[in-house]
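Working notes, beginning with the structure itself.
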Amino acid sequence: MFRDIRRKAKLAGLPPGIVLENEEQKHEPTKITVVQYSQEDYQEWKGEDLDACPLLSQGTGCLWIHIQGMPHNHLMEQLVKRYHLHPLTVEDITTSSQRPKVEEFEDYEFVTLQLLTPHKKSQFTISQINLLLGKDYVISFQEVDSDFFSPIYKRLQSTSHQRMREQGSDYLFYRLIDIIVDYYFVVLEAVGGQIDEVEEKIIVNPKPQSTRKIYRLKRRMLVLRKIIWPAREVVSHLLQAEEKRISAFTRVYLRDTYDHIVQAIDTVETFRDMLTNMLDIYLSSLTNRMNEVMKTLTIIATIFIPMTFVASIYGMNFKIPEYQWNYGYYYALGIMAIIAIVMLIYFKKKRWI
Amino acid sequence: MFRDIRRKAKLAGLPPGIVLENEEQKHEPTKITVVQYSQEDYQEWKGEDLDACPLLSQGTGCLWIHIQGMPHNHLMEQLVKRYHLHPLTVEDITTSSQRPKVEEFEDYEFVTLQLLTPHKKSQFTISQINLLLGKDYVISFQEVDSDFFSPIYKRLQSTSHQRMREQGSDYLFYRLIDIIVDYYFVVLEAVGGQIDEVEEKIIVNPKPQSTRKIYRLKRRMLVLRKIIWPAREVVSHLLQAEEKRISAFTRVYLRDTYDHIVQAIDTVETFRDMLTNMLDIYLSSLTNRMNEVMKTLTIIATIFIPMTFVASIYGMNFKIPEYQWNYGYYYALGIMAIIAIVMLIYFKKKRWI
Amino acid sequence: MFRDIRRKAKLAGLPPGIVLENEEQKHEPTKITVVQYSQEDYQEWKGEDLDACPLLSQGTGCLWIHIQGMPHNHLMEQLVKRYHLHPLTVEDITTSSQRPKVEEFEDYEFVTLQLLTPHKKSQFTISQINLLLGKDYVISFQEVDSDFFSPIYKRLQSTSHQRMREQGSDYLFYRLIDIIVDYYFVVLEAVGGQIDEVEEKIIVNPKPQSTRKIYRLKRRMLVLRKIIWPAREVVSHLLQAEEKRISAFTRVYLRDTYDHIVQAIDTVETFRDMLTNMLDIYLSSLTNRMNEVMKTLTIIATIFIPMTFVASIYGMNFKIPEYQWNYGYYYALGIMAIIAIVMLIYFKKKRWI
Amino acid sequence: MFRDIRRKAKLAGLPPGIVLENEEQKHEPTKITVVQYSQEDYQEWKGEDLDACPLLSQGTGCLWIHIQGMPHNHLMEQLVKRYHLHPLTVEDITTSSQRPKVEEFEDYEFVTLQLLTPHKKSQFTISQINLLLGKDYVISFQEVDSDFFSPIYKRLQSTSHQRMREQGSDYLFYRLIDIIVDYYFVVLEAVGGQIDEVEEKIIVNPKPQSTRKIYRLKRRMLVLRKIIWPAREVVSHLLQAEEKRISAFTRVYLRDTYDHIVQAIDTVETFRDMLTNMLDIYLSSLTNRMNEVMKTLTIIATIFIPMTFVASIYGMNFKIPEYQWNYGYYYALGIMAIIAIVMLIYFKKKRWI
Amino acid sequence: MFRDIRRKAKLAGLPPGIVLENEEQKHEPTKITVVQYSQEDYQEWKGEDLDACPLLSQGTGCLWIHIQGMPHNHLMEQLVKRYHLHPLTVEDITTSSQRPKVEEFEDYEFVTLQLLTPHKKSQFTISQINLLLGKDYVISFQEVDSDFFSPIYKRLQSTSHQRMREQGSDYLFYRLIDIIVDYYFVVLEAVGGQIDEVEEKIIVNPKPQSTRKIYRLKRRMLVLRKIIWPAREVVSHLLQAEEKRISAFTRVYLRDTYDHIVQAIDTVETFRDMLTNMLDIYLSSLTNRMNEVMKTLTIIATIFIPMTFVASIYGMNFKIPEYQWNYGYYYALGIMAIIAIVMLIYFKKKRWI
């Protein structure tokens, strides 16, 4: 969970813009997809070496460069040269697990967001996505290899959905952010389902394991908060960007995304409150149970200890006059019965039974 | 409670403005009511096909189109064509359980609010209402079928209440919001009643079930918060709208509605605090009771265990000299009595009895 | 406490400005006091019908109309006609238990505040006061019948205190608000006294009843908060009013009132914190006591149960060799004594005794 | 602690600017010190009647009137006449235990602050200091009689420290505030020492008394908060005062004082958090101890109760076949030993021992 | 931890700008390093007397004076004379353990930050760093003697990293701040590791010592908060400084540092929440355990106490008819068995076993 801090700690003392050689990049080759589209046209190129791509030099319509996996240094150099990336942008792209943020540079807007990939149950993995919005291009860096953005390709290819191809790169940029935010809800739904499950158990039959589940869910909530809250700032900042970056047309859509993030935040906070309430309820049910256990013990002990005492008196080996009585035994039993009845009445009055 | 998140999760990856075919709409037909009114005139039309309505083309005075139930796609298309609805508005209208929000478009203001319908006790159902305020028309979409807005019809028909008919569509718009806010108080009153009930029980005779009731009420408070807080933002935003949208006349009334929402928020927060306090009190009363139970056990055990010990000593089968004493039995009883008295004095001093 | 919500709930669906016939108004007649004063002059009139008042038509100096009890409809109509009251103002005046608020209209400022009337101990009743500040008049509506504002009359009558009569209606308006705020402190002092009392009890000899007292005080704090916090907003808003409404002279005094309200809020928050701390202390003292009770039980049981076990071994009816020993009895007693001593040393080491 | 509220409650209904005759003022005479200084000159006068002071009429350089003890009415009148004090200022000066505040009048700035005088341990008394900054004079009112400001006199007298005498009255004014703020740290240090002490006790050997100490420290924290938070507002307001009141030169120093107050607030909040953490730790250590006590009881009882049961079976007076066995006694002892061993293994497995 | 407060308390009453003779400075000599660099040139001088440094008078390129250890008075005087330091700056430099802050003077920006030096485990020491940014010089005061800034020297010396030498003093200033912030993450990583460790223990096998560890970590969190939160304000303030102080080029980098601090704050808050959650979990696990202990005791006691009672009845020395029965013994054993079975069924139904 704190991979980002560990990474930051490693970099302490190094100047900004330093690119650490990354182990991962040696294993998985970086996949590059370049898409060029305009209202009339759609072209796609896939490969591993950007220099080999014929689309970059043509320059009509919008260009989308999508890079999956950690970009190797040569690729970064190509991009820096072509798109004048700032050293800090290079650092941010090659450093994984940044806090979601937006940075405005002269030539482009740079956005870092966290992608939530739902797993089984309420678990999810976090990976980083970096987006770069230039004048007529979008560059996206996706840390992990997944077909996350494939709906976008299909949309762009399709000739029946003109809206995306009519609009500029800012609309594509918005769509990428929108999909990332949509996945927040997928994860939140899974977590919500788990919370509902735990809630029912807590109410019907609270068990010690439930606390641990609540704890884990609470922790997950802390992670989600760290991801979703700053995402709101990011989109809020984009909404205030200049007209030339994000058109009025796209801005309306981005405002909608903003509303979605706020709703996600609301849900996270509600979940947190619910989990806290559950823990309170669980603790009070624990105390309740203890109360009942103690009551049972007390009732049994308080009835039988005095009776046993009477019995043990008449078990003493003294020459006790009662031993000679004809009905001594019944007399003793009678005393015990009276003790039991008195105690029961007492407990009845105290509403313990 | 999390229907909205589930829905959002289902839409992940789809472009904005997509309208999912909705199962509900097949069963219940959508009811449309069109009202046209001016200072002198009032006309009403009910039907299921908007094209059949003769009032739309006349164009004098204000127009109110009220749609109950999920609007089918054909209806939405008619509205889009006639009133230039934005794709996002179409999405919001056909997606139920949005967060309350307001969006300003060139031709209209779009407001989403949650309608609270009180049930028996402190329960309530939540349904969505979408309101659209244009230059001289109001379109309202009500998810569920209920006669919620019938007081408005009556008012408009009546010739003695001129105020509504004199004013433009913005006043009608305000009245619709005002009624929705009024129902917050109906629900809050029911919840308040339930809280009073639980409070009395907690004070007089706290029982384990009370915790569960408090938990459920707390959860309901979380839901109300999620509905009422954003409603405040909505009205606050409307108060800052341009003069041409909402006139100074209506603004005064809307400010009043704003005050009501703030009062509702205050009440929700007070209820939350009260419920938290109640849980604290309940927990302390539980601990109290446990204390008393433990004290009873301790007093009984601490008095009788030593006495039983003395009795069991004289139950041993040794040749014990005391057995030969004349008053050995009374001597043993005396020791026990002394033990009991000492213990009782000790407890008295400790203020346990 | 939630009279206001109940009332609001009753009004749901009705248009704004509706005046519900009020049962109370039938029983108690409304008392009207009209005061006209200027630097040289002071005239007072008391009655029940405003039309009969000769002072209204004269029109020199300032006019103060003070209405005690629920105003009947006829009176409201007279005031509406004469002072152009807005329908919302009429609604607010006739609806009791509003949240404190201020509304600016073209002709007047309208202020709603809550009057706290201290009872015995820390109890108090809440009633509403509505104040209307016009160009050269003040209208005050006091829900309950009390001589709350009598010091003001006396001041105005007195010829030696010129300040009030020299100043305009805004200074009178300030004085009315100031008195209301002063009573916050009267109530806070009573509550503070009660808190001190409970605090001492909690520290010296905590009892279960104390929790209930703390609970009640906490609840009262919630009520005071709901009354005093919005009062701050009211005065803050008045401080920003236009010069023609509230003169620079009066503004200095009003700022002082504002400081007083802030002090009252500080005190309410401090009281809340103190009560929460007390509950914590009480709970820890409860757990402490339980600890002590349990220790006593454990010490007694742990010493006597093993000893009793030894005694009961030698109470068995087997042919036990020890029975034949000469000092068998003393040997058994010795074993028991050793057990007791070992246990006591153990407890000593554990610092339980 | 709530002297201020009690006082306010007494004044309810009285007009502003009223001066209550104060009992204290009869006992202690008010001491007046007048200092006049300029770059070249320093003159000092001490007395009880301001009219007798020759320095007032000269009017070159800066004037500092320092009044110790409650000012009597005659003195106030002299000051009002000479320096045009506003009635509210007079009220604030004669009313002790105000909330720290600043008020800007035409002729002067008026500041009320609380002076903390440290006592033994972490206790302190609170007294009020009122400061008045005019064009070329400072008037200071100190409620209690102490040599608090004596370092300032010495500085002013000394010819080697020119800075103070070169600067105007605003620098003197700053120095007075700075000394008051310095004393916050003296008190905070004492409280911090006490907190350290309690903390060590809580960690090493928690005792019931510790809760009470924590409670008292928490209460003291509430008081300090009520004093230091508003002091920040006071200085923050002064920093925004006009150039002619507070020069750019002095402003730099005042900004430093502001930083100190923020540091004091930080410390208060840290202390509060620490005390809350301590209470949590204490409660968990209590529960821990109870756990241990209960375990001891349970282990002893659970081992010996079944064994005693076996012994009491063979204490029955039936004709039990085992009585005839040769090794019946050892057989019985064996059963008991097995019970004990089984139980010990069970507890071992449960990690209770 | 509260060295700063203790120091402040000692200074109470003294005028600002006073330099207390510091014990430390007598022992350790102050080390001075002066670096002069420009795009073409790099010169370094080390010594103890600033006057002996030949670099100060040359005046081309940027100058960096780095002072390790408490500066002695003579050094301060030299600096004051040469760089016109304000008396408050002198005070701040010689007073250790200030709150992080920034102050803008005519000739320079003055920044105080806290340097965190990680120790073994999650411990760290805090020392103060003061930075002064002038037109073409940076002066840095480092309280403790460590090679903290050595990476910077190396960078400056190296001819291959031109960026630093091309830029002005503001870039050097940014790099110093950046390194300090980097070390926040080093410490946070260590603390995070410790938290992970404690978390695992709490979940797997909670022990009383864990509370103390949590307490200590919570306390450390309070310290980190006091250091990192104000650091954010410092950098935020620098970002708003004038162009001539901090160039647009450097500002981009400083914004990155700001993002890092925000991330550090996020982490601190997350850690705090995690620790609080852990304590809750620990407490509930404690109560859970107690519950289990109590249940064991209750089950054993409730089964054996009634059986022992039956045995002790038949241990009485009365002439009991059952004694004469042939199967009296088995009859008694049967009664006991029935009691045991009934109890076990009861506990089974209650789900205790």
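For reference, chains read A, B, C, D and E in written order, and residue numbers begin at 1 within each chain.
In the analysis below, contacts are C-beta pairs under 8 Å (C-beta built on N, C-alpha and C of every residue); 3 or more make two chains touch, one makes a residue touch a chain.
Please read these numbers as outputs of a predicted model, since none were measured by experiment.
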Numbering shared by both copies at the subunit E-subunit A contact, with half separating same from different: different
Superposition rotation for subunit A onto subunit C, Cα-based, multiple of 5°: 145
Between subunit B and subunit D, centroid-to-centroid distance (C-alpha), Å: 42
Interchain centroid distance [CA atoms averaged], subunit D/subunit E, Å: 26
Where subunit B touches two or more other chains at once, by residue number: 283, 287, 290, 294, 297, 301, 305, 308, 312, 315-317, 320
Contact graph of the chains (line, ring, star, complete, other): ring
Subunit E residues touching subunit D - in the complex, by the definition given at the top: 2, 4-6, 8-9, 11-16, 86, 88, 98-99, 101, 103, 105, 205, 208, 211-212, 215, 218-219, 222, 226, 230, 279, 282-283, 286-287, 289-290, 293-294, 296-297, 300-301, 304-305, 307-308, 311-312, 314-317, 320, 322-323, 328-329, 332-333, 336
Residues of subunit B defined as touching subunit C within the complex: 151, 155, 161, 163-164, 175, 178-179, 182-183, 185-186, 188-189, 192, 203, 252-253, 255-256, 259-260, 262-263, 266-267, 270, 273-274, 277-278, 280-281, 283-285, 287-288, 290-291, 294-295, 297-298, 301-302, 305-306, 308-309, 312-313, 315-321, 351-352
